[in-house]
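Take this structure, written in structure tokens, and hold onto it; I'll ask about it next.
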Amino acid sequence: MIARYTRPEIGAVWTDEARFGAMRDVEIAAAEALEDGPTEEELEAIRASTFTVDAINEREKILDHDTAAFVDVLAASAGPAGRWIHYGLTSSDVVDTGLALQLKRAGELLVPAQRTLAHELAEKAREHADTLSVGRTHGVHAEPTSFGLKLAGYAMETHRNAERLERAFGQITAAISGAVGTFATLGPAYEERVAAGKTMTDDELGKMDYYVEGVGSKLPKK
Amino acid sequence: MIARYTRPEIGAVWTDEARFGAMRDVEIAAAEALEDGPTEEELEAIRASTFTVDAINEREKILDHDTAAFVDVLAASAGPAGRWIHYGLTSSDVVDTGLALQLKRAGELLVPAQRTLAHELAEKAREHADTLSVGRTHGVHAEPTSFGLKLAGYAMETHRNAERLERAFGQITAAISGAVGTFATLGPAYEERVAAGKTMTDDELGKMDYYVEGVGSKLPKK
Amino acid sequence: MIARYTRPEIGAVWTDEARFGAMRDVEIAAAEALEDGPTEEELEAIRASTFTVDAINEREKILDHDTAAFVDVLAASAGPAGRWIHYGLTSSDVVDTGLALQLKRAGELLVPAQRTLAHELAEKAREHADTLSVGRTHGVHAEPTSFGLKLAGYAMETHRNAERLERAFGQITAAISGAVGTFATLGPAYEERVAAGKTMTDDELGKMDYYVEGVGSKLPKK
Amino acid sequence: MIARYTRPEIGAVWTDEARFGAMRDVEIAAAEALEDGPTEEELEAIRASTFTVDAINEREKILDHDTAAFVDVLAASAGPAGRWIHYGLTSSDVVDTGLALQLKRAGELLVPAQRTLAHELAEKAREHADTLSVGRTHGVHAEPTSFGLKLAGYAMETHRNAERLERAFGQITAAISGAVGTFATLGPAYEERVAAGKTMTDDELGKMDYYVEGVGSKLPKK
């Protein structure tokens, strides 16, 4: 992102700190969702785990794998309880779900901003409902129109964009399905518990039921 | 469209005959919606109006304007009642709304077909739920997966595409708003009556209310 | 192509007749280039071979393969000599090289037209060298400029586009390399002879030498 | 640029320091090219001018214009001679020509690297000229081919890309033409002198002659 054009609150969502922070949120939610997993005391240690981007970068120089470096640093900070961090997970589980959390936060900033813009444009449109303006067709002057009508076009387009953004952000979903996405390790109910812990949308066509029921109740039917 | 890859029923929507036919549908609906317009007898003549693509092309050689050529041919076929055809309209009203009718017909073919495809893929996915298959990550072989799970991915994607298509086709709207779109000639209520005659969706943010109420009840509010 | 916006001479390059005609040109050049191939008398029969698009379409209904249908119709029209038509070739050889011939013809029309356009724009630019005009920056009026200077920008852009088109069309090449492009059947010298017969550009990095010399004299060197 | 995927030497071309440094190169070359401009002593001071990104950013907070902030900081560092910095120029002259210098440096890194890659691929292609490999058409196994032939395809494509990159970077040009690009202030000969000072390519269709000769000797002719 170009610093001079980035709002601070959006920039904050996409720093390395925020990225690893979102991955840490996933690791904690995943540890909490484990059956026969960490004790409550161990969970406390996991929830208190910390990292620095510098420490992860240093560790990566040895491991040559950024997610592994992140897990190592986080686990070390949690002491013996750290062995439960990343338990049964694959890198994509944490990277993709962490990204989903970042997207969710971005949406919480962008959608209201887009709605405010639509509202402001609509206000201006009403204000200029009777302001005469040159209409144009074929690239040249044509019949007169109202400046408010021109603005109304932008207001409506912006409103539709807000609807689209809201719809897109509403489809963000967790993805805790293990190696090659088969749920072979921990099962789809586990993904659901992790997602619930993060109040993430359950994709209408969530792949998890496919395996739970064998025939996928969420697959499209006639 | 490439003939060898075009389904006949879709091809039929996009012929010149179908295009002018849809424009004729708009002209008839527009004549019917006129207040203090044609008599019932005249309307009968308008509803019985005809054209041929050849006649329109011939007329265009003189007028150098395809919509004007279409209107001339159609009006001539309706006798004296033809003077009500295109009354108060601008070319875009008829061309855009005619295109909207063609799109609507295309959607009536495409959306159910997309849903059938999603269903068929889901059937195959269930059938192969236990068929072992090579999983791939990083472009090489990885943990095993199920062929049904691969197909389920396609089924879900196809289902989402059907939803998107349905949503897009549901936004098709009439556009009978006169020169530069100001409704200066016939007013937005007239557009609504024409659209109703063609059972076309009223765009949630229909521009017509902007002028009816002066402040556009459909413009986005906070 | 949309008929009303297509120049007749360009339209003529892209009809089904022209496409199969270009493929016929390739088949004839290929037969002529065969060593120990048809006799001179047989070549005469091949050069006199004919087809109709209707006949090919009819034949395709049985074969379900358009190139095979084309070959059958062409070969039947040449009598016993027809057995040499498509000898040792794969469909892609004829389809791709036929397309190359069509592209070459299109380029012979488009490049001079683009150069004429650049010239006309340059003429107008010189004519208006002293015509004052409003300059614009940041989307609003700025210092004055000359209308000729604006046109000169279009002239130069058009000239660069003509250069690019000429370069692109100059890279068109024959592709007579057999199944999966290995030259296993007829060898690269054969492709060269066919291309020469059609005065087609030899791609600077022609793949043929790769096999001729084993180490590809035309592959890039340090 | 994403730090983990950026080669340090390319990254160095695109820092804020490098950007303002390139703009400083332009300002110095522009001062040197002025007729009746700075004395030799003043030029020495201009050549010794300095800036820091922090100082520019601080100054921008007051001016709300980054190029103006850059000019102020640079001029202040040169003492009284600083009055010649940016003399007769518009922001675009310095920003665009500075960007051109950065692009030129990037090209000096990218083109040789692309040529090395083409060479390495060609070496591998020759090495595997006789390594049998599965050919594929229609997405399935087909006749056998050679692994070297597959690599030769990549080698040739890479070679063509190197040619394209070299051509593109060869078209980089200075743009010192004043407000709205009319050369009204300093004239095209001045631009030429600045460009020469930076050994920048003279665009084949350089707009400067348009004004020098009134009829643009470089405009395309029939």
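As written, the chains take the letters A, B, C and D, and residue 1 is the first residue of each chain.
In this section, a residue touches a chain if its C-beta (ideal position, glycine included) is under 8 Å from a C-beta of that chain, and two chains touch if they have at least 3 such contacts.
Bear in mind the structure is a predicted one, so any value in this text is a computation, not a measurement.
Enquirer: Spelling it out: a chain qualifies if it touches subunit B and also touches subunit C; which chains qualify?
Expert: In this structure, no chain contacts subunit C and also subunit B.
Enquirer: Please tell me the distance, in whole Å, between the geometric centres of subunit A and subunit B computed from their C-alpha atoms.
Expert: Those two chain centres are 35 Å apart.
Enquirer: Based only on mean CA positions, could you tell me how far subunit A sits from subunit C in angstrom?
Expert: Chain centres of subunit A and subunit C, defined by C-alpha means, are spaced 48 Å apart.
Enquirer: Among the residues of subunit C, pick out those that touch two or more other chains and give their numbers.
Expert: none
Enquirer: Once you draw an edge for every pair of touching chains, what topology comes out, line, ring, star, complete or other?
Expert: Shape = other; not a path, cycle, star or full graph.
Enquirer: Write out all the pairs of touching chains, ordered by chain label.
Expert: A-B, C-D
Enquirer: What residues of subunit D sit close enough to touch subunit C in their complex?
Expert: Per the stated touch rule, the residues are 115-116, 118-119, 122, 125-126, 129, 135-137, 142-146, 148-149, 152-153, 155-156, 158-160, 162, 179-182, 184, 205, 207, 210-211, 214-216, 219-222.
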